[in-house]
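Structures given as structure tokens follow.
Look for chain A in each of the two complexes below; its partner is chain B in the first and chain C in the second.
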Partner chain A sequence: MSEKVLEVKNLIVHYETQDGVAEAVNDVSFSISAGETLGLVGETGAGKTTIALTIMGLLPKPAGCVISGEVLIDGRNITETSRNRAKQRKNDRMMRRLRGNDVSMIFQDPMSALNPVMRVGDQISEVIRLHSSASRAVATQKAMEMMELVGIPGVRFKDYPHEFSGGMKQRIVIAMALACNPRVLIADEPTTALDVTIQAQVLELMNDLKRQFNTSLLMITHDLGVVAEMCDKCAVIYAGQMVEHGTVEHIFNNAQHPYTQALFSALPSLDKDVDRLKSISGLMSDPMDLPPYCTFYERCDARCHRCMELDPPLTESEPGHFVKCVHFMKDNGAPSPKEGAAAAEASL
Partner chain B sequence: MNEILQVKNLKKYFNVSGGTLHAVDDVSFTMKYGETLGIVGESGCGKSTLGKAILRLVQPTSGEVIFEGRDITRIGNKELTALRPKMQMIFQDPMSSLNPRMSVSQQIAEPLMIYNVYRNKADMDKRVLELMDTVGLARRYVDTYPHELDGGRRQRIGVARALALNPKLIVCDEPVSALDVLIQAQILNLLQDLQKEHGLAYMFITHNLSVVKHISNDICVMYLGQVIEQCNTKELFRNTLHPYTKALLSAIPVPSLNKTRERIILKGELASPIDPKDACRFAPRCIYAKEKCHNCAPELVDVGGNHKTACHYVKEINGL
Partner chain C sequence: MFKYIIKRLLWMIPVVLGVLSIVFILSEITSGDPVDAIVGYDAPIEVREAKREELGLNDPVAVRFISYIVKVVTRGDLGESYATGRPVLDELLARFPNTLILTFASVIVALIIAIPLGLLSAVKQYSVIDNASMAFALFGVSIPQFWFALLTLLLFSVKLRWLPASGIDRLAGWVLPVAMVGIANVGNIARTARSSMLEVVRQDYIRTARAKGQKEIIVVVVHGLRNALIPVIANVGNTIGVSLGGAIIAESIFSISGVGQYMLLAINQRNWPSIQGGIVLLALAFSVTMLVMDLLYTAIDPRLRAEFKAKNKIRAKKNSDGEAA
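== the complex of A and B ==
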């Protein structure tokens, strides 16, 4: 594998609110190499977007704080865990240079990501002018090229966002994000707000551009179909923790964590006929009140007595495939998942 | 009488500054008791307007909506009020369809109060709790407010409210689009259970083809206000005829790695529904489009086995 462009190490992020501390991200680590795509999958509130915002240095202040951990872009740490004001300001200044240049982000809703009273062309050239010494004319030229690249005629340079459809707005946002040829691109549900036929167009465009620029992509989504289409690796997030991590082949052909399995079986399929969907009851644990043991315990089909005794670490079950489940720990004294499920059924 | 609802040549036009917007243009179908009809299409194709026109939440421009043997497009307000309990709606976003200042019990009791179903409050409270049990909402939430609940529970309130007056037909407008997959599966299962128990007919509006395949008996595919393909669910997925439906099916990202499907990527986007000319509305994006498609609108015709499609060249494309 080539060098790691983005590395997240043992990241812990909390939101400190009046009602208490929400443990949004708990000890998450992953890395992305050049040109690679990692899919981050999970439910609403699992902490996916918080991870993205931490990498971008855009956590809402003062509630969001990085408690510990590191985010490295090209080996350079960009998080500041200290509460010291001066240090934070210095870090903010550095982030402003990095953001848009080395790492940029595509947001879910293109309408709220664009400035409604600014011409789209100016919005793209603004990014270029901020990060290079390009003159206005050169930046305009480059912005038009970017627009053509994402399939929008350059003559629409002077149009305002409301004159574009949803799919085209998302293309503008992509053009903006890629204008400075960043090493890392974070896409937070880039196609959720789009129709399927438009989604197909945008995904294809992203795949082409990724190959062309050799950009590393962090793809945040709740749609496993999108992951299958776009990603090389996949990480499943549950209650701020990574519960399964591996290549897409590992996740799609040999899902091991009960939560990942539940996600797959809850999807209505186009190929098979099922009378009733399999769903698990209950809700994700409240991040304000996480249990000291396995966070998925309450909803798990394969739970056993050991699950309540410890918080299982992420264990390598096969080379490159990590699972956070008691049943995959070595010498855990717990029955295998199948036996566990049988025991759970018997006890009901 | 087997049919609960017959829609004949229903049209809904809106006058907008640029001309007349054809939101629903000449749609016809029938629905049977206890069955589910899926309406699929992209945003802006008129599927929500169709649902609202059928319930007369918007007044149709022309056409007939025959509910239990009676055309309801021209009946007066009094008669309509009397009919409303039989036809209800579940909306997409439970947060914006619920009143943020009413507790769960007040929300569910509201239709019962409007129709004066119960003389005393005790009976009504009992019914509210019953309804909460039916939709799987724990009784401890009876005095909570919508903002305290998650999306899945809020949608259960929406379902309970629609069920309160024992309807026969429920129009479900994207009821699971705002929910996570695990919650989506719970709500879909709930809707199916209720259908079996109460013999409900659903008109299920969604853009998600895998959901509609799972829940529907029949499917209508809509494009720019018109139905372009209509048939039994199994038939639609086994024998897709219209080029738009084919493209729509191929565009869905499938959560599996072993699939090598041929991808049809449609160029362009939905054309404008304002004053459309007499042509196939899909023609500008269609890879098979010929001259005829740009000059003459195709009719929805039965190509055999009650499989209807609106395409001039359906036989040539599919080698029929």
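== the complex of A and C ==
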């Protein structure tokens, strides 16, 4: 596709707390082209939101630190920090100009994402006035247009957040995020807090708007259905690492990493009548104490002796499809995951 | 809204009656005889008795209570001071403005210092600024007012001769008492502002405001402060209420003729009409302050306003249903 709007290169983010260092994001790289949608999938605590906040430059201070790696928005690196105060202030200023204008974010919980004591219209026009020289009247007009665009009557401009339902609040958050036609939109579980009927509406709305403005979308979710609906590419995140990365077809038709396979087998199926859904036993590794070998080892059905010997690199198993698993390393001498599973079962 | 205000004003009647009945009961059980102050300890017993009879002190407490209420309601008469013989109402009204000025000036001073202090410490939690301002706040709360007042007097009036030691005939005379009461209030308000702001800056909508690319100072002041104000207002309301009746120390030390000083003197002399009059005034002032604070809440938080409207609507509906039935 066309040029890359957002690039994340070898990003490592740690939370430095009093209890120790949590390795939230470990060497994650991906890129999104204009108009493309990438889905970030993973369970709670896998580091998805941390990636999003890093891109926004909104990591909680002072705990969150970018240890290494780069985040490029339109080729500009936003993770640069400087000890020089004047320089850092310049960096901050640049970041403020990008935020809301070039890259904006839809937050997880619409109930708390809006300021309860400010009229919603003012909250939308605030971002417009910040990034353009529009007068108050023009910004108000634009904000009303944005509200109409997401399906809320413009006359409700003067209402407060508590006067809207959850779905409508989420629409307002979306209107706010799209008000300046950002190049990149990050949606952090935009539908998790909504009920199913509204979910479909909101997703459809986001798809329409994305097409209309040719926005690149980073969709963070733990709902594989949302990924299938919305995304072009998909990355599976586990314990802060990307374990599988490819097109949606790659992931859905040919899931290769044992974790991705386990995720799919945990989905309820219409045609198979089962009493209990499959679950992945155990818990995700503690980000404060990650093992030096494969982080999924403890919970993996296909583990073998090789898995404990090294931390496998992300390997291209077929063109455009990357897997971080010992079994897919070239010439590693390890059995394929299926054989591995059979071997593991046999050994039990 | 108008109806609500009227209702709240009417509620002040039972409040004042309640407070007055406590004062009358206390007057019955406290030792000390007002006649001592009026005619002197060594006056002959007949003179004392005559005075008692004249003041109606020999009547049972219930009778005195009711006749007092009747007088207040029918004639707006709070009685005459035992000490001066002048109407209590006039004496109080002459002093109340001074108390009002002292209270509001000191609260404004306290707010001007405390809110930025609280905000700064919340935004820069555990920084040097935070520790310093919280230490200052603790200092303000815990230092004895009379001692602090004497020290400031010593420095600014005696040593430096910048400010008058007493009297409020010049504007400069207000500086020390206002500063003293103000600083004593800074601690409380700053700590409330800090803790409330600490909660607010962790909220999602603050992150949303940052995500818009808004400047940090506007994020904190515009998006944060208004949300953090409710507990602060509650605190300020209490402070005003207490100051209205209780700036006694400042009023005594700086010889400001205010309600606090008047009441203190009246208590010492067992000057019951003055005490009762003062109590009525303070109860009313306190109730009005609380009403204003409640109205301020609804001005600040649209959710409270909505709740208020919804309640009225439900009540109106109930009423109309009742009539229909």
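We take it that the second predicted complex is superposed on the first by the 335 of 348 C-alpha atoms of A that agree within 3 Å, B and C clash if a C-alpha of one lies under 4 Å from a C-alpha of the other, contacts with A are read in each partner's own complex, and residues count from 1 in each chain.
Here is the rule we use: a residue touches a chain if its C-beta (ideal position, glycine included) is under 8 Å from a C-beta of that chain, and two chains touch if they have at least 3 such contacts.
What you see is a predicted model; the values in this text were computed from it and never measured.
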- Query: When the two structures are laid over each other on chain A, which of chain B and chain C touches more residues of chain A?
  - Reply: B
- Message: Quick one: is A:Asp208 in contact with chain B, with chain C, with both, or with neither? Answer first, second, both or neither.
- Response: neither
- Between chain B (first) and chain C (second), which does A:Asp286 come into contact with in this model arrangement: first, second, both, or neither? neither
- Of the partners chain B and chain C, which touch A:Glu318 in the superposed model: first, second, both, neither? neither
- Task: Considering only touches as defined above, state whether A:Val127 meets chain B (first), chain C (second), both or neither.
- Result: second
- Message: Looking at A:Asn253, would you say it contacts chain B, chain C, both, or neither? Reply first, second, both or neither.
- Response: first
- Message: For A:Glu16, using the defined touch cut-off, is the partner it touches chain B, chain C, both, or neither? Pick first, second, both or neither.
- Response: neither
- Item | Contacts on chain A seen with chain B and repeated with chain C across the two complexes | none
- Task: Please name which positions on chain C make contact with chain A in the complex.
- Result: 203-205, 207-215, 223, 226-227, 300-303, 306
- Message: Which residues of chain B touch chain A once you look at their complex with the stated criterion?
- Response: 42-43, 150-152, 180-186, 188-189, 192, 207, 209-211, 213-215, 237, 247-258, 263, 265-266, 269-270
- In the complex, go through chain A and note every residue touching chain B. 43-44, 165, 167-168, 195-201, 203-204, 222-229, 248-249, 252-253, 262-264, 266-271, 274, 276-281, 283
- Counting only contacts in the complex, chain A reaches chain C at residues 56, 58, 95-101, 104-105, 107, 109, 112-118, 123, 126-127, 130-131, 160, 162-163, 173, 176
